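One chain, chain A, appears in both complexes that follow, with chain B as partner in the first and chain C in the second.
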Partner chain A sequence: MHYRIALFGILFGLGWIGCKTKESKDEPKKIAIVVSTLNNPWFVFLAQKAESKAKQLGYESKIFDSQNNTAQETDHFDNAIASGYDAILFNPTDADGSIVNVKNAAAAGVPVFCMDREVNANGAATSQILSDSYSGCVAIGKYFVETLNKKGKYVEILGMVGDNNTWNRSKGFHSVVDFYPGLKMVAQQSADFDRNKAMEVMESILQAHPDIDGVFCGNDAMAMGAYQALVAAGKADRVKVFGFDGAEDVVKSIRDGKIMATGMQFPEVMAQTAATFADEYFKGKRDFPGKMPVAVELVKKDNVENYAAYGEKE
Partner chain B sequence: MPKPIRYLLFAVVFALLAYNSVYFRKLDEVKAGAAAFDAAGYAEDFWGKKLIPGLSKAVDLNALTAQLKTEKDKAFEQYSHALGIGNIRYFLVKGQGIVADVSENEVSVKLIGAGEGAGNVRIATEYIFGNAVRDASGAIDINAFTNSMDFNNVSAEINELIREKVVPPFKSKVKKGDRVTFHGAIELNREHLQLNNIEIIPVSLQIEQP
Partner chain C sequence: MPIAYSRKNFARFQSLIALFLLCLALSVLSDKFLSFSNLWNVMRQISVNICISVGMTLIVLTAGIDLSVGSVLALCGAITAGLLKNGIELPSQNLYIGFTVLGAILAGGLTGSALGAFNGWAITRFNVPPFVATLAMLTVARGLTMLWTGGFPISGLGDTFLFIGTGWFLGIPVPVWISIVVVALAVFLTDKTRIGRYIYAIGGNESASRLSGINVNRVKIIVYTIAGALAAVGGIMVTSRLDSAQPNAGISYELDSIAAVVIGGTSLSGGRGSILGTVQGAIIIGVLNNGLVLLNVSPFWQQVVKGLVILLAVIIDKSNGKNE
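Then we have the complex of A and B:
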């Protein structure tokens, strides 16, 4: 009996201390920024913009690098939840593999706001703020058809086949281009969003199809790789290359007439929206859109002067 | 009860339980079940119940461009819509003009009452793509969609309706000098506003022969 009373007392005491600690917390709320990789300048930019917006709104924040590894990402989530972070601004490593982390955070009462990449689970994240890749590629597709004058042979170089963005971009592009039977896709291959791989893929495609008129690439790094292969083969003047992202070297190449067009994404808008949503969540708002698309803008020779890399203002 | 019968009974019960606990279905069927959203039906419904009745709210294109030149932010605030966030916004517009040129991909129109020096607008007849018509009316709520591909497909189906219903009767008759009354949607970039190259995705087109 004494043992039971002692146990009850200890449990009650712990509970009381717990309540007390939560109650007496008046330091600023903390926001964790978990990013897929900091090896790519695009994601560094995204993370930094999220961090600075969180700080500007008066919150403590810290960036965690998942190094493209879901296990590492899980560790970051566990740490963030255990260390009392109040919200997570999240750039997932894997659309499927990251779902469990988002669900764990939600179960612990920590809202998650996805930036740029999505998880394949409706309602798991509080909101997902994503580039409207599909619509951006509809615009690129339309410009592609116009510049090739509705006929010719073309190649599509895809990003990572497991990534949703790869297929949203490809579907957007084809939703326009497939209307025109005069445009024939002679090859469609993945180069994993990687510049060197795209160069190799383009080199081997050119062996089989030396007479192509256009190349559509799922990101700008691959567009630069494909362009390099075309230069080496002496075909850069004849083959029109299209990318997606709004990376610095492609914006410059559009200016120089080497690349035809790209879809400009706005990582700053996504990062700032995610931080603002977290702020609104803390203030009691709960009805966030499941997915919030961020417009992608077509950048081509006649409007490139308006744009700098990553959609930053000149 | 003799032991063999008891075992047999257990075996039957076990087999029944096991059989009823496991189901085999083709993955294609499961995926098709999850993606049961009928974009074509949604687009038809939107066209008949929201878009066409809502055309009365379209802003006069001359008045809009005049306001955009003097008070851009107010004009965007008052008349533009978009399902997402960013610089690209859509307007539901109306107007009247005289056909200046008919080409393979578009009909160029000089707006009546646009004033001297105003450029022509282009009515698209070939490249009917994008989200302009879906978003311009502001009648679709993004929260009604759980899957982003669903609202992409809604745009594609609305554009298909335009290609089927609006463009063919117009394109077959229109010629230079015709007076045209139009309702449609336009896309403008709030940050990099360009008013000299406006493209109208048509929703309703009427030709009045002079």
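Then we have the complex of A and C:
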């Protein structure tokens, strides 16, 4: 019984403190960063860069992790609006499922700036700063065709099959590669963006198709996993591996000639642009571009010296 | 405990038939399946699942469950990798502690054991249902992994360490050796020792065991500690295979592991089942994963097929229970 009384006491206390600190005039404005997942270094990087830029601009800022779950994201939005955040830098879990969250925030007068991934509704978000995955994979597809000399057998390793990005990347790649009848896809399997799974899937595929010439992976973690399976099978120098993201391991591997190419995204640029837009919004600016694409650049052996992980300049 | 033993033997028999049929079907459908290199692949891939499923079997035999294995695996792998790569630095004390491969592995193993012991303590001391206590640990250990790694993988761990996951010894991959040792120890524990008999007894009837003087709490804490330690072994193997500790390693491993236990004929209500049954369950899942990829089955269908196989196994298990 005493436990319960104490517990209620603590809860009331917390609630009271919560109410007290809300909205007094001279406090800095607060920016919420709602990110689809922190289970992937790429998104951790995106969130951290957004947070540090917001703090640098003099705002209070906090990261919310939606854990790839749109329902959780809705809770974060409700909480952020209720606890008086003034803007949301947003990396959506789902292009359609997240629309309602953005609209709710807009209705409550809280501007939303999307980073990396979009929501499929024009004008719902104040601005969307997007990574152009599709075009990036078109570029990878072109380079893939070129390196394989337009003929050969290849394998595609997909990310999570329920994820928009998986299919944007796959479609961009196939929009080029499918025009070359000499290039034959002998296996298309999913490894959930996971390095270990990609390694295991690749080991099995190599049993069925020991004579492949290339592998396209939906992200860099999987590219590393596939490459390790190829090394173990003694085929690493014959099979060409392509990734996407621009992660540290892969940039280094491209430099060493182990992996052929990746699509470099610029999470820092997107995060900082979003934070800067929020700053400008607070200062009265209202006309932002509805969509602002941030190009994905093809990184290969002969230009890798210009890049570091996640597009950071050293 | 003669009844438990006879039932154990039957469960062993039944999953062997399923495994045989599955292998037969796959070798007809794909000529690559029955090659040595492919079978070694399968064995190496399932060795992690075997390790954590052995721990899970012990827990399920006491009528408990452990949902935290995947997160504990990730944390232990990350701690081992972090200590190996960076050691511990305390700039304020001007102190740096480096770790040898053995030291880092021990630290990882101790972490797993400690978290397992904590699970057991929470379950027995506060009477928290195992499902809830380990669900909490699932989140806590994942969070600790994120804190330790900062959300980024720890890579580049050196060749000595890589031997654990990628090396060969006497013509057999090292991870397979590790899982053989783990299984042998666990079979000895369940079949030849007093604690093994207590584990079955507690799962069969906990209050009767308590009344007959078995220190139920102590046995449970031991069992959860072993499971934690085995999750650490799995984490170290995964980390070594990849030359990298991934913060999101081991997500949903608890499901694969529970599936292996259940397909292997161990009853989720405790008291009935065997380590060797679980090994067969793990092999069935591994063979299924491998076969579906060999046949290039669409990833959408793979999930459906795997789910149906698990369901089928449980249905067979249930109907056997009724017949007896």
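In this text, the second predicted complex is superposed on the first by the 289 of 314 C-alpha atoms of A that agree within 3 Å, B and C clash if a C-alpha of one lies under 4 Å from a C-alpha of the other, contacts with A are read in each partner's own complex, and residues count from 1 in each chain.
Just so we're on the same page, contacts are C-beta pairs under 8 Å (C-beta built on N, C-alpha and C of every residue); 3 or more make two chains touch, one makes a residue touch a chain.
Worth saying up front: this structure is predicted, and the values here are computed from it rather than measured.
Enquirer: Looking at the overlay, what does A:75 touch: chain B (first), chain C (second), both, or neither?
Expert: Neither chain B nor chain C is touched by A:75.
Enquirer: Once the shared chain is lined up, is A:142 touching chain B (first), chain C (second), both, or neither of them?
Expert: Once the two structures are laid over each other on A, A:142 reaches chain B alone.
Enquirer: Answer with first, second, both or neither: which of chain B and chain C does A:280 touch in the superposed model?
Expert: neither
Enquirer: For A:60, select first, second, both or neither according to whether it touches chain B, chain C, the two together, or no partner.
Expert: neither
Enquirer: Where on chain A do the contacts with chain B and the contacts with chain C coincide?
Expert: No residue of chain A touches both chain B and chain C.
Enquirer: Hey, which residues of chain A end up touching chain C in the complex?
Expert: Touching chain C: residues 38-41, 44-45, 158, 161, 186-190, 194-196, 199-201, 203-205, 207-208, 221, 224-225, 228, 232, 248-249 of chain A.
Enquirer: Any idea which chain C residues touch chain A in the complex?
Expert: Per the touch definition, chain C meets chain A at residues 30, 32-33, 35, 37-38, 41, 45, 146, 150-153, 155, 166, 238, 241-244, 246-249, 251, 289-290, 293-296, 299-300, 302.
Enquirer: Across the complex, what residues on chain B touch chain A?
Expert: These residues of chain B touch chain A: 82-88, 127, 129-131, 142-143, 145-149, 152, 155-156, 189, 191-192.
Enquirer: What part of chain A is in contact with chain B in the complex they form?
Expert: So the residues of chain A in touch with chain B come to 118, 122-123, 130, 132, 134-135, 138-139, 141-142, 145-146, 168, 171-172, 175-176, 266, 269, 273, 287, 289-297, 303, 306.
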